Structures are given as C-alpha cells and as structure tokens.
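The following pair of complexes shares a single chain, subunit A, combined with subunit B in the former and subunit C in the latter.
Right, the complex of A and B next:
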C-alpha cells in the first residue's frame, strides 16, 4: 500500500510539473464535445462536418481577433461520464475558449462546471426541459426545446382534427420529454383523449405487442416519439400488421430518409411531423451553407441529423468574440445575445458580421436555422417549426408554422 | 503540456473505479459470485442518496432534504438491502445463471428508475448534485477536494476489504469457493456466508455511489448502463481477481490508459478512427495482461501467501459452483 501511495504521489508531482499552455496566444480554440460513438454516434459524422464548415468559414473570414481558429474535437461516448472527462480534457489540456456540440445529458452533467470555468457554451442539440429556465448566463440553446416540440405536435394533432390519439414512446430523455408535453397539452388544454400510452425500450427484439396495443386502441392517430434506429423496426412491425390506415404523428428524430421510405412505400399510409425545422425560405445563410455542407459530406443537410445548428453555434461564437474583442469567457457570453438579437444590421455570414462590427455597427446575426433571437434564459424566442408530410417516399415541408401562443407550457 | 488539474480528475475517477473494483473483488474474487449487476447496485445507492438529499425545488414526490452526511450511510445501507433482495433468489442459481440474473436485476433497477419518474424524475434526471465542502472551495480547486474524498474512500475500502480478506471469514469464503463440499463437511454455512458477502459488497458499492455522483454532478438512468459494470470488471481482471491490491492497480492502469489514449491528437476529420481505435487499444491491453500475467498484475497467491490459493484454482478462474442449490 505504501508503495502505491508513493507511486500516486510521484505521479501527481510529475503531472504538476507539467505547465499549461498560455491561453492568450496561438489559435482560438473552439471545443466540440459530442457523441462520436455510443447512442449519438449515428449523428456524429454529420454534426462534425457542419462544425468543420463553420470553422472553415471563420478562418476564411480572417480568423477570430486575427487569430486562426482551431476546432478541438472530443468524443464523449454519448454518456454523462464521457462528457465530464471530455470537458475536463478540452478545458485543462486543450485550453478551449468556448464549447459547442454537446447533447442534453452531457450538458446537464457539465452545466455547473461550465459556469465555474466561464466557458461560453452553445447547446445546439439540447432539447432538455432542464434548460427551459436555467440558461442565459454562460449556456445558450439555439434549438427548439422538447417543450416546443411537444406543443407543436399537439398543435398539429388539433389542426388535423384528431380528438383521440394513442402514444408510442421510447424510454429516453429526448423522446419522453416532448411526448410528456404533448400529452399534457393535448389532453389538458385541447380536451383530447389518449386511448393508450405505450412506453418501450430501445433495442427490444420485437415491438409487435407495443404496436398492437397502440394501434388497436381505436385512436384517430398514433403519436410516435422514438429515435430513428428504433423507429425502423417499429414501423416494419406497423407495416407487417397492416395498421396502415391509421395516420401517424412523428417527432423530429424520425425525420430520416429511411423512415420516409418505409411510410411512403405503403399505399394509403400517412405520417405527419410537427417538427423543428431549418429556416430555408429566402435565407442567405442557408443558401451559403448548403453547397459547402454537401461538398464536405456528399449529402444535403437533414433536419433529423441536426447539422445546421452545429454550424450556427460556431458562427455565433466567432462573432461574439469579435464583438467582445476578447476570448474572455464572461465577455464572450455577454456578447452572444448582443450579436444574436436586434437591434443591429442583419448579417448572414461571419465575414459580413465582422465587417459591420469593424465599421462600428451593431449586428443581428441570422443563422441557417432561424433568426436566433434569444430570450433572457438563453432560449430561442421564435423557433422555426414546420408541418412536414411524407410525399413519394420523402419528407416534404408543407408550411412553416408558429407555436400557438394560447397554448401554455406545462409546469 | 497537460494541466495537472486534468490528471487530478483522471486520478479521482480511477480511485472511484478502484473502490468499486475492490468491492467487486470481495464477492467475485473471494466469494466466487460473478456479479454483473454492479451498475444496478450503484444506481440504487446513487438514487437513494440523491432522493434523500433532494430539496423541494426539484418537485419530486419524496424530497426530505436530508444532510448529505446522513444520506451517505443510508445510501450504503439501502444498497445492502437491495443486494439482499437480489442475492436471496439469485444465489440459488449456478454460475452463468447467477451471472445473467444479476445483469437482469441491474436492468430492472434502471427501468424502475425510469418508470418511477415522480420519485426519480425519470429519464430527465437530476442536475447539480450538492458536493461536500463546495461552499468553502469551488471552481478548479475543488478538483483537489474531490481527489482527497475519492482517495479517502478508496483507502477505507482497501482497509475494509483487506481486513475481510485476511479474516477467518475471508479464508472460509475462499475455501468455500475452491471446494464447497469440504467447507460444508467442516460445518460451514456456505449459503448464508455468500448472502452476507453479497450484501456486504452491496453496502460497499452503495458507500461509493455518492463519490461517483460528486464526480459526475448529475444523475440520470443513462449513467447506469451495463458499460459501467464491464469497466469495473475489466479493472479487476487487469489488476488480478482475488488479490487485495488488484482492484486498485487495475483501475489505475485502465482509467489512466483510457484517458491517455484520448489525449492522442488527430485531425478532426480522422476523429472517427481514434474513436474506433480506443476500445481496440483497451482490449489489446487486456489481452496482453492476460497473456503475460494470467492472474493479473497482482495475483491472489502473492496476496495471501502460498496457502492462499490452490494451484488448480489459480489456473482455473471459473466461478464457484454452489453445491447446495436447486440449479438454474
């Protein structure tokens, strides 16, 4: 035991002898802490490609504060433990100046540490309801929350004239949160009925019983909240059992091409998604982003892969640093609402934003996903939502919609 | 160069896994009960601690807001009770049946946490776990406090498990593992002893749970996936199943090695290669250890002297097969 303790002490002394980098020189380091492996792995490739497109734009625009920008990537394994150790590596080893890319459960784990270390953090894929009221100082969210997604799902059900739904909900934070909001709004504020609320785990051998339970409960429609990896076997079961005459309402995670092909391949079947969407209408930021993303990855952007939010977050961070004139965490965090919200000259690219700042003007950055205006707790003021249908085996955005202001967020 | 705070964090995590591996060693190394339910027991202790210390702001059905110093031992005791509830039926089963049953119980516990959202906040989880002394020390410096807490917990775990290992109870436990028929013939109540050991390991894991939460700072069911069980087992195998120091050494080697691999710098475009190679390298480490030191870095033989383990047993690390069982 004594030898082990001596070894530990020696190890600590050697580690202590190693000095940290000077963080005020060299490149500006933007951390990308994301699940490149594990449950979020399927999204990782797309997310990283979008982040790289953003950093390439920052460097093409002269860098940040005249310094090159470096994207420092860390895999969190899609686990809270991986997020904690990955964040420690990004901050203590790499010396990042700001952070992006993190998902809900990892964000919750590092939330307090982010504030303690004053690392400006933008959460581009965090739907968690935990951030509905706790951000705004150091943590900002530029994607609609699970609360928004639940409300818009209920709104779509109401607008389609459904008075009863059955629910099929995967047991995970990202699917249960919007589903619980949907249920609350649909039943308590719209007077609807939930004929059956079926919850299930990912990775089950078969979903026959769950599908039968939901579809045979006599609903007007079935609300399905699941990840797309679970959605595929679930819908295969739906197809096999012939419940194709009952319409379905999906959550955003099911907006993948595979799902559209399954539903579109069945005569008479219909699926509708009230979903988070990208801001694609007459948006120069979107128009500039799409070809660069396609050139990087070989595919167009997909809402279900959340790539464009990953892009927007780094443009915001770059502009906030330019506006603050420093990489100091507190100053950059304070500048984020300033460059994202009016008043100011509306800009759509990093280079335009920097040019306006250098001209002494205030700016209002409009990203690929929305106008990115933030409220006092760092959440989107007006998230872009859309009604999306399956059309000829592909997703078709019918119309962008606003959240009904008469619907109250459940407490 | 690397900031020492980073390595302080790595050492802290290594000490937490060392504590879990030493607890596992008592039941699996000496008791021969190959438990794949570590994650479930850790979840039990963690949620018990969090619920007991939760305040009214979290909007949970039961939130007594107890002091962490009261909740900590209660979490250990509760985990012992959970271990008893699992062990009573599971220890009637043999080898792989016991193993798979404990894995199933761990998953049941995780699902209970998900389903009982009124008490646990379900899949949303609970953020901002209170940590001892954080009103006195905060920010980066708290990492040193956490290291001290984890080191103290690991030291207590080492002393307790060492005492068990060299006690008559520990010797009988190993004897029953190696030859149950002889232990029974000598009048030893082997089944009762195994349940006691399983519960004791539960208490030890439950006592470690709050330290793990102090490190993570939030809790959710995703935290207690089976991966944590396999990490603890890998640490114990590397260190040496049955040895007193094995869990400690194995956890250090495994965690430090894993984090060191993560320090390899690659171009972002090639991060997927590094991500793929990390588990491969950890697996390679395990293979190399097993190839050149089949008993692990520390063997049970050296821990307890020549009489500590029979030669046949040392070469055959299969789990014990209880004699007085009804099968599985």
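Right, the complex of A and C next:
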C-alpha cells in the first residue's frame, strides 16, 4: 500500500512538473477583449482583422520567445458586464499572458483585477479620463485621452467659427468624458456659449424630445456625443425633423460608415469630427501595415476606425515580451515603456525590433498610429490628431492638426 | 406643444403594450413579465423581415403580429397552463423564467448587434408650427385603431363577452359554461399580438436591441397599475398620461430622468387616488360576497 501511495505521489509530482513545462512552452496567448457587438460592433470587423494581422506578423517573425502566438478572442458586447465576464474567461479558462482590444467602460470595470492578476494590458480604444493619471503600471493607453478629444472638439468648433453650441450627450463614461472637457474648454477658455446641454439615457423609446430641445435652442452647431446604437435613431430624428441645415460636431464614437452614409445622404448636411488619426506620412510602419491589412480584409484601413491601434498594441506586447525575455506580467509591463520610448534604435516592425534586441540594442518602436512615446502614467505624449468630415457619404480627413497648446486640460 | 405631440406618440405605443399586459393580468390574475420580451421579439422579427427579406413594413408588421400572437398561445399552453392552478405567485415566477429564456433565445437568434428599420418616417407635416412625421401619424392611427377594434370585439362578440365574464369572475364563468380554454387562447393571442405590435412600433421609432424589453417592462407595469388594470379606457389614459408627462418633462428637467417622472406620477396617483388597484379587489370581493 505504501509503495502504491509513493508511486501515486511521484506520478502526481511528475504530472505537475510536466504541466508547468507546458505553460512555459505552449503558445503565448494574447487576449482580445473587444466589443464585437453592441455600440462598438460596427468597428469590430476591422479591429479583429488588425489584431489578426499583428499576430500573424509576430508568428512570421519567429513567434515570441520562440513560441507561437495565439490570439484569444472574447466579445464583451461593448458593456462593462461583458468586459468583466470576458476577462474572467480569458484569464481563468484561457490563461492569457497579456490583454488588448478593450474600450473605456470595460477597462474601468476590470482595472483593479488587471493589476491583481498582473496582466499587462494595452488600451487601444479607451479614451476615458480615468486613465489620465492612473495608468503606467500595468495598464497603458496608445490612443489619445478623451481630454485630448474634448479639447480638439472645442478647437474644431472655434476654428469653424461657432460661438454657440447645443450639446446632445448620451449618459455613459465614454461619451460624457470628452463632452465634459469640450464644454469646459469651449465655454471657459474660448468664451463660447452652450445653448442647451441635453443628457439622455441609451435605449429610450424615441429621441424626438431631446433632438428638438437641442436643435431648436438656436445654436451655431450641435455637439453630439453618443454611441453608435443611439446615434442612428438620433440622426434619423434629426433628419425627420428637418434640422439638417445646422452643422454637427461628433465625437469619435460616431465615426462609423453607417453614420457617414446617413449624414452624406442629406443635401447640405454637415458633420465634422476632431479626432485622433493614423500616422501616415513617411512612416515605414504604416507602409508595411497597409498591404497586409488590405490583403486580410479586402479593403484598405479607414481613418479612425481603430484598426491600426489594435495592430500596434500587439506588436508592442510582443516586443515587450522579447525585451523582458519572459511572459511574466510584471516584467512585461515594466518593459513596455522601455521599448516604446527613446533612447534606442527606432524600429518600425516586430522583426526589426527583435533583431535589434538580439543584437543587444535598446529599441524605440514607432507604430502605425504615432511614435507611441508614453509618459509616466502610460499615456501618449504626442498623439496625431485630424479634422475629419463627411465627404460623399464617407469619412474623409480634411487636415492633420496639432492640439492648441494654449488650451489646457480642465481641472 | 411639440412635446405633447411627442408624448402622444410615446403614449400610444405604451397604451398598446400595456393593453396586452393588462389583459392577461385581468383574466389570468398574474403579472406577465415575459410580455416585455414579446415586445423585443416583435421588434426583432419585424426588422429581420424588412431588412433581410425586403418586406414592406406593413406586411412585415402584420406577419409579426399574427405569428407572435400564435407563439404566445403556444408558450402559455406550455409554460403557464400546467402551473395555473398553483396561483399568481407561481405564475409570476414562471413568467420571469420565461422572460429570461426568451431573452436568451433573442440573443442566440439575433445576436447582440443593434438593428435598425430602414427610415420609413416619410415627410414631416407642420400644423400650426407643430411637426409630426408620417410614421408617427401611422403609429398613432394604428394604436388607436387596434384598441378600438379590441374594444369592439370585447363588447360586440360572444367571445368578447366571454372574455369579459372570465375577467370578472372566472369560476363563475366556468360554472356557467363559458368555454374557458378558448377564452384563454384568445386572450394570449391578443396579448402577445399587442406586445409584438408595440415592439415593431418601438423599433420603427428608435433602434432594435436586445435590451428593449427590459427597458420597457417597468414603464408598462407603471402604466398598467396607473390605469387600474381594469379597463381599456384606463389603460389608454394611463399610457397617454405617462407618455406626455415623460416627454413634456424634458422641457423642465434632464431627459435622463424620464423614468423617474413616470414612477413619480405613479406614486402620486397611488397616494392620492388609489382606486386604480383597489377597485379590482373591491369588485372581486363584491362578486364573492
């Protein structure tokens, strides 16, 4: 009996050891927790394709630490609840090593858990102002903050000559965040007036009263911060009620093809967005990414559809793991600012980055969306911004702009 | 005044939804929480018929209403009939379970992506500075036409009178030879059809998403209680009152508080004029005595 027990114990130890080896030698699992449905659903197709392009590039470059890379996808339904349950699935069942793809509301919902479980996370599509001062440890953001988006919205309104605006704002973290910054900057720093500030819940039976309240308050323009699911019925109401001669300023959440089609289908209607843009000028990372994305999806990347950020985040994670020499969460998180910031040899692809690291050099990865340099709280130092408007039923970049340095973040 | 028109549109849809809900409450003696999911299902089936199969909105609406009316009869026979003898509490919890099952089925069948009816608003009519779109006129017309047809059916046909007798006292109706099973099937058909119709109307005005049922059940419940759950007229007035109060309140308070307005009105009415609820019990007590 004693021999049997010793045998079983030995078998158990061997099995445990083998299991441990499997974790180290199996594929590196990168989680993709994203709104493939719900408010962010319209961008889901592009977002996933870009993430897949990045993972294909990692594998083509020899994998990460010599191991294959696997993209593990979870749809969070564009809700915080979906983010929490999706993150639990990714960590407890799938055993991911790092996370990307998450949006503002979901990021806030899992922020504490990400730190507890030490999962390096790159926020590719979350602008929430909550991350303006709380990241940089385990969570990093490679897209501009809603503070930047609010400021650039006000800047666009000022540059278009609007002195009064009405606001239509959906009550959610992702939409109120830039809207509050916009209102503060537009009224307190530019001397503009807000004729009506209409806040509403998603899922209302109709938005007739809200739309009338905003558009009939006599504004030069109407600022609309809403998710896609709310934006479509809102704009149907705008069209139905004949307010089409009043220009609109949108937040980035409404930069979808469907919205451009609705606005573009109305004669004389105008919608403009001050938003983050891709870094397309003389950028080898962009030049290398575009044909691969196009081959993947059949269309070139479209501006502000969030796809290029999804790509950049996985290249960063792959390079950080290569630089850290491990998939350990804390080590990878510590390596992220090192590979994204100077000093180091500027690299534009994963393969070049790995080659430089293997040669013993420090690297400074320049992505498709910007130089990706991060500050001490894991935010972008110099995001690329642009004025985007509807042209022939599609979004079109009118010009790249820099944030006005005289406009400051509201306290 | 423009907001009153918005309120009439909202109230018309609410009246249609609440009428189906109140009919079951009155005759089957429980609050059918699954009614809201029938609204959601109606919105989804309608938009699929229009958007995917290119059907005319009226044909799609008619098919949806009739089809889901029939589905309501089947669901009642499968889920509610076997536990009917166990009373209102068991039926209430059965309806909550059915609502969750229907919600899961909607998620599985249609996904979580929002859908939109093609813009069928038509032209905007201006009467004395007040704008109303063609689709809003159609919604008001259909709502009141359907309600009037139901009123006529209940008052002028044998089956309608049988339904009213069951609503008044089902035991007595059974003893007097009223075909209770036929009456029950008819009630479930009408209730579900009205729920589906309200769902299509909600979808046409706004968007179709999986939460549409949960978003509206409390408002429907408020309108049903406010209307007294006893008369068609009461339900119509309650629906219109709530709709107008919610939309007119947008002029004075943030629209995010619309549901608060609805329930504020409900609480005020219950405090100041509670006959809405008590009258049912009084009538039943009177009959029982």
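Basically, the second predicted complex is superposed on the first by the 357 of 411 C-alpha atoms of A that agree within 3 Å, B and C clash if a C-alpha of one lies under 4 Å from a C-alpha of the other, contacts with A are read in each partner's own complex, and residues count from 1 in each chain.
By our rule, contacts are C-beta pairs under 8 Å (C-beta built on N, C-alpha and C of every residue); 3 or more make two chains touch, one makes a residue touch a chain.
Please read all numbers here as calculations on a predicted model, not as lab measurements.
Undergrad: After superposition on the shared chain, which partner residues are touched by A:37: those of subunit B (first), subunit C (second), both, or neither?
TA: Both partners, subunit B and subunit C.
Undergrad: Regarding the shared-chain residue A:339, is it in contact with subunit B (first), subunit C (second), both, or neither?
TA: Neither partner.
Undergrad: Counting only touches as set out at the top, which of subunit B and subunit C does A:201 meet: first, second, both, neither?
TA: Once the two structures are laid over each other on A, A:201 reaches both partners.
Undergrad: Have a look at where A:116 lands relative to subunit B and subunit C in the superposition and call it first, second, both or neither.
TA: first
Undergrad: Kindly classify A:273 by the partners it touches after superposition: subunit B alone (first), subunit C alone (second), both, or neither?
TA: A:273: touches no partner chain.
Undergrad: Thinking of the overlay built on chain A, is A:80 touched by subunit B (first), by subunit C (second), by both, or by neither?
TA: It touches subunit B, and subunit C stays clear.
Undergrad: Of subunit B and subunit C, which one touches more residues of subunit A?
TA: Partner touching more subunit A residues in the overlay: B.
Undergrad: If we overlay the two complexes on their shared chain A, which of subunit B and subunit C does A:52 touch? Say first, second, both or neither.
TA: first
Undergrad: After the superposition on A, what does A:171 contact: first (subunit B), second (subunit C), both or neither?
TA: A:171 sits against subunit B and subunit C alike.
Undergrad: Looking at the overlay, does A:71 come into contact with subunit B only (first), subunit C only (second), both, or neither?
TA: first
Undergrad: Which residues would you name on subunit A as touching subunit B in one complex and subunit C in the other?
TA: 37, 75, 171, 199, 201
Undergrad: Which bits of subunit A are touching subunit B when the two form their complex?
TA: 1, 4, 8, 11-12, 15-16, 18-21, 32, 36-37, 44-45, 48, 51-52, 71, 73-75, 79-81, 84-86, 88-89, 92-93, 95, 105, 108-113, 116-117, 128-130, 171-173, 176-177, 199, 201
Undergrad: So in the complex, which bits of subunit C are touching subunit A?
TA: Residue positions touching the partner: 2-3, 6, 9-10, 13-14, 111-114, 116, 119, 121, 124, 131, 133, 135, 202, 205-207, 209, 211-212, 215-216, 247, 250-251, 254-256, 258-259.
Undergrad: For subunit B, which residues are in contact with subunit A within the complex?
TA: 1-11, 13, 111, 114-115, 122-125, 127-128, 138-140, 142, 151, 158, 215-218, 220, 222-223, 225, 227-228, 245, 248-249, 259, 262-263, 268-269, 271-272, 274-276, 278
Undergrad: Going by the contact rule set out above, which residues of subunit A touch subunit C in the complex?
TA: 37-39, 41, 75, 77, 171, 198-201, 203-210, 212-213, 228-230, 232-233, 236, 239-242
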